Each structure stands twice: as C-alpha cells, then as structure tokens.
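What follows is a set of structures to go through.
Two complexes follow with subunit A in common, the first pairing it with subunit B and the second with subunit C.
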Partner chain A sequence: MKLTEDDLYRSSTQFKHWSFTPEQLASQRLKTNITASERVKAAVKRQRAQRLRQQDTASTSESERNGSGIENGGNTPIPMDKEVNCLTVAEEQKLVNTFCERAIDLGTFFKFPTEVIATGVQYLRRFYLYNSPMTYEPQTISRSAMFIANKTEGHHLTLEKYAAGLTKTSTEQVLAPEYLIVQALRFHFDVRHPFRGLKGGHLEMVEMAKGNAAILPTLGKSAKELQAEMQKLPRKAGGPPTNTTIKDLEKRVTEAYGHASHILKTAAILTDSYFLYTPSQTWLSAHLLADEPLTHFYISSKFPPPATSNPTYTKLLSKLRECAALLSSHRSFTSSSTSKEEKEAREKKEQAEVQQLIKKLRHCRDPDKMDLVKLNKAQKRDAAEGGQLEESKAKRRKLEREGYQKEADEFWGPELPKMENGAKAN
Partner chain B sequence: MSKAATRVGATPTKRLAEDGGASRLSSSLHSLSLRSPSKSTSTPAFADSSSDICPVCKSSRYLNPNMKFLVNPECYHKMCESCVDRIFSHGPAPCPIAGCKRTLRKAKFRNQTFEDLRVEREVDIRRRVAKILNKTEEDFDTLLNYNNYLETVETTTFNLIYKIDVEATERRLQAFAEVQRAEALSTLPASQASKIRSVSSTQQITDSKQESSTDRVVLKKSAGQRKVPSSSMSTPDPFSGAENGDVDSGFNFHGLKKRVAPEPEKPYDPYGGWSVEPQYFILQDDYDVEWLKHTKDEVKNAAGGYDMKDFYTRALCDAFSGFGVFIDEEMTARDNQASGDAVIGTQTAAAVAAGGRDVHMDDLF
Partner chain C sequence: MAYSPVLSPKPNPPATKPLPANPKTKALAILNASNSPATTAASTPGDGGLDLAEQMNDEVRRQFITGNRLGEGTYAIVYSGHYLSDPKSLVAIKKIKVNADYKDGIAMDAIREIKYLSELSHPNIIRLHAVFSTKDQNISLVLEHLPLGDLEQLWKTHTVSYGIADIKAWASMLAQAVWFCHENFILHRDIKGNNLLIAADGTVKLADFGLARSFADPGRPMTYNVITRFYRPPELLYGARYYGGGVDVWSMGVVIAELAIREFFLPSETDVGQLSAIYEVFGHPTEESWPGISKLEFYIPPDASSTATTNGVKVGKKGQPLGYWKARFPLLGEDGIDLVRGMLTLDPRKRLSARQVLEHRYWTNAPRPTKKEDLPKQGGGEKKMGEDLKRRGGEVDSGRADKVARKLDFSALKK
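The block that comes next holds the complex of A and B.
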C-alpha cells in the first residue's frame, strides 16, 4: 500500500471540499448572491412594514404621507416603493478582493508570518464563497478570520493584544463572528500553501545547478549531463542558448525563487488560484512567470524523455499557463512593460471604484445581521436581555450554585482558612 | 468455656504468652482444649466457628465488640486479631492451639470468608487445584477424554479435602505443575522464556530464604519444636527422587492436545502498512543552499532533535503534492460518479460535489 504525493493531496480537505472548476465557482457565487439579495430584500421589506405599522399607531396625521418610511435605522426618509439596489456578483467579488488586500495589510501591520496571512485571506475567500458581503460585513469578518488563522497556524497572539492593535474594536467584536466563520469553513482549518513547495523546488534546482542532484531513474541522465543542459538554457523563452557559468546559474535560480515567492505572497492569495489549482501547480506557475525556460526545464526533468510526447506533461503545461495567466491578471502583478504613471492611474481608478462600492454596500446590508455581537450573545445559553437575566432564573441559578458548593464542601471539606499576611505571621 | 476460662484464669495465660514460653503456653492450652466440651471429635478446629470467644486468649466479643477473628490457611485455627499480633509479630511461630504444631506466619492470616471453616478450606483447596489443573474442553480431542479429566480433577480435590492419600496427591499435583510450566516455557520465544525463568528462580530463592529464616527462628525457640517444620519440609524429598522416573508428569491425561506456541507478535506499525512513495523526486541526504546554512549550523536546533531531513522531505513532498492532480478533470469525474446512472439532474450533483454536501449552514446563522 503506497501513497504518492498526489494521493496525499487528494486526501486533503482543500482538495475534497474547496477545489472547484471555474464553472462551479461561478455558479456557487451566483447562488450565494441570489440568496443573499433575496434575503436582504425580504428583510428590508419586513422592516419597512413594521415601521409603517408603528407609524400608523403612533400618529394618524403622518399616515397620510404613505409614500415615506424609514430605512435601516437611519432617520433619513426614503421613498417606500424603492427597491433595494443589491450588489452584483462582480461587485461582491471586487469587494471581497479589496478586503483580502486589506487583510494582507492588517497582517503585515501586525507582522504576522506569511502562512498566517495567507491562511487568513483564504479563510476570508472561502467564507465569502458561501456568504455574501451584503449579509456579513467584510471588515469585521476579515478581522476575525485573521485571528482564527493565527490560532490554526500556531502563531500565538492574545486576543487583548490583537484587539488593542485594531482601531475601535473590542475583544467581543473580534470573537462574535468567530463561530460563524468556522461554520462557513465547514471546520476545515487546513489550508495547503504553495510556499514550502516553492522552497522544496528551489532546493532541487540549486542542486541541479551544482550538478549533484538526485535524478529520477526514469530520466536516464546523469546529474552532470543535466547540469550541462541547464547551463545552455536561454534567458528568455525562445531565445538563443546561452553558456552561463555555474555561479550565474545559481544566481538565476535564486532570483527566480525571489520573484516567484513575491507572486505567491500577493497575486496567488488574492486570486482564485487556491480554488482552481493545486499548490504544486500554483508555485510552478509563479515560477513560470519568474523564469520560463528554467521552469520548463525543471518540469521536463520530472518526466521520462522525451517529455513533450507525454500527455500528462502537455496537460500540465497548459494548466500552468492558465494558472500563470490568472496570476498575472491580478493588478499586484507588475510586469516590466507597465510604467509607473500607468500603475498609479490604475490604482486611483480602483480606489474610486471601491469607495463607491462600499457606499453602495451600506445601503444594501442585511438589517438582520447588523449587530453580530448581539446575535452571538443571543445564540448563547439564556441570552441575556440587556445584560439582565430574568429574576427567577437568576435566583434559581444562585440557589443551585450554593447547593453545589455545599455538596463539594461535604465531600472535599470546606476551603482552608486563608492565611493572612502569610509570610509575616512567622 | 467460660467456666474453664475462670478456672485457669485469663491473666496467667496472657503473661505466659508474653514471656514467650511457647511450650508451657501450648500445654496449658492443650489442657484447655481437652477440657472444653467440643462438639465433634474429628475436626475440632472447625467446630467452634460460631463461638465469640477467642480460643487463645479467651477474651469474648461481649467485652470487646470490635474483636476480629482471623484464620491461617495452614491449619484454619481461629484466633483473635490481638492474639495474632501478639504471637506472630516477631516472625513465624507455632500455632498456639494445643495439639497443632504447624508454624504460622502473620502475613498469611486473613479474615474468613465463609462462616463454616470447612467450607473455607474446601474453597481454598479447590482454588489451588483449579490453578494447576486448568485444562478446558478445547484442550482435549474428545468429550470423553475431557470428562475423564474432570473426573480426575474431582478425585484429586476430594482426596485433598478429605485428607486421603494427601502426600501422594500433593506430589502428583506439584509434578504436573512443574511439567506444565516447562511446557509453557518451551513454547515461548527465547527472550520471554528466559525472563520468566529468571523470575521463577528468584522466587524460588526467596522461598528458600524464607524457609531458612523460619528454621532459624524456630531454632531460637524451644528445642522441642524444631523438628516440626523441618520434618514436614523434608519428607517429600526422598520419595520424589525415586518416583521421578515413572510418575514424572504427575497426571497422565488421555487425548490431551499438544500445546501450540502462540504466533510471535509483529512489531507495531503506526501507519497500518501504508507508506509514502515519492513519485516525482528522490530525496537527497543534504541540500546545500545559502539560506539554510544558518538553520543547519545552529546548535539549538539540533538540541531539540530537529532534523533537517524532516524539512527536506516535507518541502519536496509539498512541492509535488498535487503535481499531477487536475482539478477540473477530477471534479467533473467526481460529478459524473456522484450522479451515476441515476437520472438526477446534473445540477443537483454539481451542487453536491461543489463542497456543499452538508446542509446549507447559511440558513443556520
């Protein structure tokens, strides 16, 4: 009974529950958007009707102005017949992406390790696959998701410290959506990242460049032969063969690693690459973007020659191209062709769009899910109404507690008398 | 009884005992027991189980409600706890009941379980026999043979209980136990057998030590009592040497199956036979990379048992886990499998496979 690396990945929850084809992903997002907007509309309608009834009973004079009502707790009168303008799927997606970026900023502000940041962002993305920003506000969710990521990645951080670092956030606000998020994640805390894989590949490439790598026996080449081939690799895809020294080759490998690592830390976690591709393919695509000939060479060394005739090889390569296209489509990916002004203009446009979206979101929030702290409290045992339990219940609770204490005293004996100023007594 | 007690007087008896004059004590007790109106002549020791007066010190439960009676499985003579403490706390001593000359040890004294001491003794004997003759029906090839075996067991037990031919029976039992042990040892793997053998030999040594200490203690006491334990110990010896040739296994049971050695236990495999076989890489012993030098050289890493190889394995395994997994293909394959031949719409199957196979928890919130 033997397991290959692929079998290991197939056993992960990331593959089983959080891998999708692009169509599946789109349909799931559409479904989430539709349910969320329906719910928002229904909730708003209900609330308006309630307000109307209250107004009716409160003042008969105002009932003449039938066309006006109050929405969302704000005191601004809004025409009653106006439908709520909900976010579209694309707008939702944009908002989520924006808040993912902000989550990265949050992580860097707290100096979290890369894994923690990446995991937190993935939690956020997974959460908004089944929930809409209209239902739960991305700002609060992203804070909690980051905190959960800290715990699951084993990076210790106290809640107080975390909440203190955030503006206008109490510890309760961090904890309130926690269970919500965990449930939406289906309790799958394991996120497979491409970072360590990239390191592993880099290790092998360095050894290959040095000419003492362990080569797969199916390749039928010696390490020295491979090294010689590697030295002849062209700088650019389709370029003329070069003759690099071993030292330069090592430098080239290391540079490619640095570039790929940067792509993985930004573009990879901000796109759907975790849903659509395996971590192995993700890091290889990032590497492909960083140094195409080198990556080609490396992948072909994993298949028996001639690699180009191997169907898996061609399939893999097309997959990597797809993934690379996805990664490079993200705006954080800067190729050498874009100028600085162009980039700044793009950023500005993006900012304006996002601001507008946030404004729009304010008008289509689900009024039922506004106060997560209160909702969280309500879910707990004997939800306290305004911090006060019912009197009879509180009394009963107190009696019970005394009874337990008495029982314990009978069994273990009463508590020892406290020594007053212990050390000084002697 | 009470009359007798008053006649002799409780105080002189006690003083005698404290003086350690075992012979005088026993003789006075002997006269006591002679005078006491015993219910049965054959087994006087078991007869007065209902009485509440200690036969040794004559103190009664009426005066001391907390009094406890103890018996020693050597002779089953009852006496109160304080007597046991008094007589046996300095080591083995002869039974204070007149006419009984067995050497008793304090450690062997215990509460009696059954009111009738004969029952107590019978249970003890049955327990001992069952421990040695411990065959089950599966050990015999036919039921008849098993029944014959049971018959033998019962006969042996009966003999021991009613003291018929005790010595010979005991010897057979011992011999059989010996043979059984040897057989068990021979079927065990060598390492375990030697361990058990060493344990049993140390046990024997401690046993013999105890015996010798008993002898010494007895030596210190009066000379008249010395013979008693040594003779009882040494009697079986000359016989056993002679009889070893013909009755060496003690009992001969027909149709007893040969003992089969149990399968040797395999070493524990925590992965249950599974192993990871890398398909896309071959692990090297070491990777010479600049950014790893620091970690490698640091002493504190090595001290904690951190092995760089663990990192290499994990990194390379991560590098290729999912190398040949094409998500879109596998997902569609899974969808098709999920829908199967049933005419369920592909839409529902897609929804099921899309990770939302559990209840839509969104509604829970």
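The block that comes next holds the complex of A and C.
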C-alpha cells in the first residue's frame, strides 16, 4: 500500500487550482490589469469631481488642498486634468518580481526556514495573479504574506516580535491585509515545494556514486556497474568521458546538489515555475542546469535501457529543458561564464528600471485602497452595524447584478435555467 | 524517487477558471471565452470597493444557509447547514471563535485544519466543502455533515450493542484514515474517539485537524505537547521533540482498545499518572527495551519507584502477559490483540507503522468486518447529545492555545 508522488501531487490544491498553461497565466494577468486600471481611473475621476465640489464651497488655497492630499497617500499628487497613466502587465510583473526578491531578503534577515520563505513568496505570486500592485501596494502585502507563511508552515513567530523587527511597521499593519490575502489565496495554504524532492534525489545519487544504490530490476545492471558508468560521465554534455575517482564523484554529486538547491531558492521561486511545472519537474530541471550529464544519467537509470528510445523519457527531457530555460532566464541565474562586470551592469540596469516603476506606481495607485488599516477597521465596523446598512447594500448589489445579467442576456441570450437553479459549487 | 511523477505531463488541470458563477464574473467569463479580453473592461468599480477575491469569497458564502447550532468545541461553534441550491445537501458549518487572547490574527487551529483538510480527499476523512470568511472577519469551514455522533459516544451508549466484526469494521476505517494522512506526510496529533465522527451511512471519518502538521524534516524539532492525554504515546510524555507517524498509531491503538472494552483504556489525571497507567499494562521501559530512551528529557528510570529486582538491579514493572489481554479483550480476538499490541509498542521504532497496520492479518482473517450498512448505529446524534454528553471525554475549555495539547478534566469520570 503506497501512494506514488504523482497521486499525492494530483490531489493537491496547488495542482487543482494553481497550475496553469502560459496562455492562462497571461490572460489572467491581462484581466487583472484591465480591471485594476479601470478602477483606478474611475476612483481618481470621482476624487477629482469631489475636489472640484469642495473647491466651490470652501475657499482654501490651492496649495493647502494639494498638501492635505489623501490619507497615507499624501505624496500622491493627482493631476487635475491628465488621464492616469496606469502600469502595463509587464510593468506589474516586474514590480511583483522585485518585491518577491525583497521578500526573500526579508525572510533571510529574519532567518526564516527555506520553506517559509518560499511559501511566502508563492503567496505573493498567487495574490498578484488576481490583484494589481496598483490596488494593493506590494510592500505591505509582502510583509503580511510572509507572516502568514510562518503560520501556515508551522514556524513559531509572534506578531509582536515580527513587527518589531520591521522598520516602521505596527502589528496592526501586518494584520490588516491578512483576510484580504487568505481570501485571494482562496484559503489554499499548502504549497508544494521541490526541496524535498531534490534532497531525496541527491541522496539516491550519493548511493549510486558509492556503488550501493537500490536499482530497478528492469535496468539490468548491478550497483557496481552503475557506479563504474557514473565514473566515466563527461564533465559537460557532449564532452569526452572522464575517469573520476569515487571521492571526486561524490564531490561532484554534492556540488551539483548545492548549485541546484541555490537555483531552487532563487530562480525557481522568482519565476512562474510553480505555476507551470510540478515540483519533481522543477528540481530535476534545476539539477539539469547544475550538472547535465549527471542528471541525464540519473533519469536514465529510472527507465529500462535504452532510455533515449523511450518516448516518455524524451517527453520528460523536453519538459525539463523547457523548465530549465525558464529558470536560467532569471537574472539571479549565473553560469560560470558570466563575468563580474556583466553581473554588476545587469543589476544596475535592473535597479534603475525598478526605481522608475516605483515612481510610476505612486501616480497610479487606487486611492480607495491606500490605507489598509483604516479600510480593515471600516469593514469590521460595517459588519458590526449590520442591519440597515447591509440591507441597502444588498439591494444595490442586487440591482447591479440584475443590470449585469441583463447586459449579458442581451448579448448572449438568457442563460439556461438549469444553471441558475441546479448549479452546485465544487 | 518514485519515477512516475516526473513523467506526468505538465499539470493541466481541468477547469482553471476559478471564477465562481457570480452573474457578473460569469458575464466576464463568457466574454473571455469569445477571445475578446478587452471588452472585460466593462467592469465598473461599483461593488462597494469589493475586489475580485472579496467577491469570490462572498459568492462562496452565499452558497450556504446556516441552520441550528449543533454544538460547541474549544475553538469553534458548529451549525447545521445546507447548500442554498439544494436543501437536502446537508453540511456542518464550523465557525471559528474569535479568541481575544490570541493577538496574532487568524488562529493556528483554523489555519492547520484548513491547510490539511484541503489537501486530503479520502472516504474516511471528513470532507471540507468550502471555506469562507464573514464581514466581521470570522472564518467558517463548511464540512461534511456527520450526524451520528462519534466513536466515543458509541461505546458509551449502552443501548447500542456490538461485536467483534463491528469493531473490526470501525477500526479498519480508522486505520485507513491514518494511513492516508501519513502517506500524505501529515500527522494528525489528536486522534481520539470523539474526533472520529460517524456519517449517516455509518462511515467513520477522522475529523478535527486543528493540531495537525506535516512530517518535520529530519532535525527540525516539534512540540511534544500534543494529543489528548489518554491517547498520548510515551515518547511525547517523555518530551521527545523528534517523532513521526508512530504517535498517531499509538492513539489509534488506544481508540481500538476502548471500543473493545467500552471504557477508557488508559485514563489518568496527570502526565505522570499517564505514564503510570501505561507502565501498569506495558511495563516500565528501559534502555534495553527501548534504546535511547534515557536521553529523553522527562524519562525516569525504574529505580526509586520500583521494588522488584533482578540480580540485585532494581527493575520496573513488567508488562502484562498475553493472558491479561485475552481476558480483557475478547472482542478483539487473537489477531486483534496482536495488532493492538503492535500499535501500542512502547519504543516508537518498534511500533507498527500505519502501513504495517493495514498489512496485518487481523483484517483478512475471519470474521470479516461488518458491512457498513449493517453496522449498529446510535440514533439521531443531534437530539441525543446534550452539552453534558459532549463533555464526557473530560474535555475542558482550556482556551487551547497554540501547540498546547487539550487538557483533560475528570469531573465527568468521577461519578
């Protein structure tokens, strides 16, 4: 009685709800961007109209009015005439990626375990699939997401200690977006990481190098034979065979692990790899980047020989290459051929671009969502007042909904009645 | 590495459109399907500032109707409920209480229960239909409706009589639930009769994952302060911080034993008392019977407390012989006794794993376990269970703080 890793992954919420094709990701991001932009523009328009009205009634000077600004967004100048210049999808992506990197730094500063950091970053990526940085400011969200990750990964950390370790952040500020985030995550707290898989594979490779690996009977080889073959593996793909000592071989296996592990802790969590690939595919890809011949050898040992003529093997390898290409496309990925100057230049360019974006963001934030602490309090107050307020709101919603429904009906013809009544969620 | 997983094609889940059937979002979805995403811009910010996630949450919430209160636990109040679309599809809605003492946001019990139940889908584990939060920021879990009480009530209800094959059927459902958790690298850490709820069709389902966690990576310590005392294995009582599935297997052994004797098997009033109760039956473990035991924080060797000696060395209590088991556990049969003793082996390394439990001959040897539809049931759980009955296990409102095992209270026992 044993479930395969595959069975286990397929029942996960990550697989069922957070796995996508590149096209699905792109279209969701576009949708999020459009919705947020519309909202920002409308909110700004509303605010301008309100100011104009105030201008009519009060006689405060122009400068004073601009100075008072909006709560918490006092430095958000809203030009009175210009259309708001919103972020593009690509710009949003870049900002989110930047804040994911900063979240790693934050986690490293607090010495959170790898899983906590990786989960926190993944929460951020999931959150911003359905929300725009224009609506919710990424620094605020990332601090809170990281705190949630500590809880969901069972890593003990008190709110007080955490907030104290952050600059200018109150416990209230950390908690304010908590509900927002868990709702956006749709209460899926579990994130499947590639770390354990990598560790397991590594231990297997160590055993292979030592000549005591447990071997699939279909392979038709002894552990010693496998070891001997392994000693001949070329350093680089396509290179000449080597004659590696067992000690050096073990060293090679360990180095590959170190490199792959680094890729998993950086490039893998900073790209879309979790959305696009399974944990096994991800760790094997990272390992492929670290040591291609060794990874090929390892994977081949899982197939009856010759593996290369096995369609499943071929398919797997092309999947891994695809994932490896994604991982190595990340700025953090460096191969031995990257020079120091090249790296520094890359960083500098990135920094400049990010600064530019952060500046741009300041001018296109949703004024309704600036102060999450206040918003959070207002929401609780709303709920407490309940009654009348609820009712009028509900009525308005109903009207709105009917409106949408009518629009849709006019365009597409009415919905099938079956869907209205019999539909059941999940 | 089991090699199948990596062979699976890139995950391509069925419907990744997570948008529920909100008329508005539905309209959006239709528009999208027509490949004209630009038209989605039709959305106006008129939802009182609700964003997509909030709308989705509201949509989930509106699918359910909350009914009568079913009961109250330490950290939640449970209501009966049903799908709005179908009054016959019953659910239990577990509303997490706001704990004024816990200042760190969403409670850990809720987080753990949601996290693990969302990943587990098994006929012997309570199903989590949905989760939503309300305006006042309370979280509710929509759970499978399990109206026929629990295993503890079952053995306590003396109007229900049952036999050897019935116990085997219940035990088997429990064993499969635990096995499935462990295959998923999840420790339950609070297995006991009253967390094993019974569905209308008699199926036993493991519930209450408020103390669950993933198997720790080697070397990462865990708290030993888990599992209700009667069901807590010796390694936790000794303060072990590195443990595995064995802790749940021990609890499972105690639950099965209770079913067989229809009383608490290892009751005690304190943690030290719990160890004595265990020694009474299994003897006092030593470095010989359990290598490494002396390194555990709270281990006490059998010296001062003991009078027996072998070759001049004081030894602890000896375990009960097979005869004791045969006399006390006729409802387990010889195979059942062997299995339960395997689950209740003191040294966790020698204890059966959940997988080994399922491989035991007990399940396949005669008598066959009773078919689910033929199992004895207790009548309508809802009416029968007064508040007093619910407290019978000796549970007390201890404001179960994070990582603290629920305390037991004995007022219910001394009568």
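Heads up, the rule we're going with is that the second predicted complex is superposed on the first by the 355 of 426 C-alpha atoms of A that agree within 3 Å, B and C clash if a C-alpha of one lies under 4 Å from a C-alpha of the other, contacts with A are read in each partner's own complex, and residues count from 1 in each chain.
Basically, contacts are C-beta pairs under 8 Å (C-beta built on N, C-alpha and C of every residue); 3 or more make two chains touch, one makes a residue touch a chain.
Computed from a prediction, not measured in an experiment: that's the story for all the values here.
When both complexes are overlaid on chain A, the residue A:214 reaches subunit B alone and has no touch with subunit C.
With both structures placed on the common chain, the touch criterion links A:171 to subunit C but leaves subunit B unconnected. Look at A:183: by the touch rule set out above, it reaches both subunit B and subunit C.
Of the two partner chains placed around the shared chain by superposition, subunit B and subunit C are both touched by A:281. Look at A:38: by the touch rule set out above, it reaches subunit C but stays clear of subunit B. By the touch criterion stated above, A:20 is placed in contact with subunit B and with subunit C alike. Using the contact criterion defined above for the overlaid structures, shared-chain residue A:198 touches subunit B, although it does not reach subunit C. Here subunit B and subunit C are compared by how many residues of subunit A each touches, and C touches more. Overlap of the subunit B and subunit C contact sets on subunit A: residues 1-6, 8-10, 15-17, 19-21, 24, 27, 32, 35, 130-131, 135, 180, 183-184, 186, 196-197, 200-201, 204, 276-278, 280-281, 284, 302, 312, 315-316, 319, 369.
Here subunit C touches subunit A in the complex through residues 1-13, 16, 18, 20-24, 26-28, 30, 32, 37-38, 40-49, 51-54, 56-57, 60, 63, 83, 85-86, 89, 103-106, 108, 111-112, 114-116, 118-121, 129-131, 133-137, 179, 183-184, 213-214, 217, 220, 355, 358-359, 402-403, going by the rule given at the top. The part of subunit B that touches subunit A in the complex is made up of residues 273-284, 287-290, 292, 312, 314-328, 330-332, 350, 353-356, 358, 360-362, 364-365. Against subunit B, the residues of subunit A that register as touching in their complex are 1-6, 8-10, 15-22, 24, 27-28, 32, 35, 130-131, 135, 180, 183-184, 186, 192, 194, 196-204, 206-207, 210, 213-216, 254, 276-281, 283-284, 302, 312, 315-316, 319, 369.
Residues of subunit A that touch subunit C in their complex: 1-6, 8-13, 15-17, 19-21, 24, 27, 30-32, 34-35, 38-39, 42-43, 113, 130-131, 135, 147-148, 151-152, 154, 156, 158-160, 171, 175, 178-180, 182-184, 186-190, 196-197, 200-201, 204, 276-278, 280-281, 284, 299, 302-303, 312, 315-316, 319, 368-369, 379-380, 382-384, 393, 396-397, 400-401, 404-405, 407-408, 412, 415, 419, 421-426.
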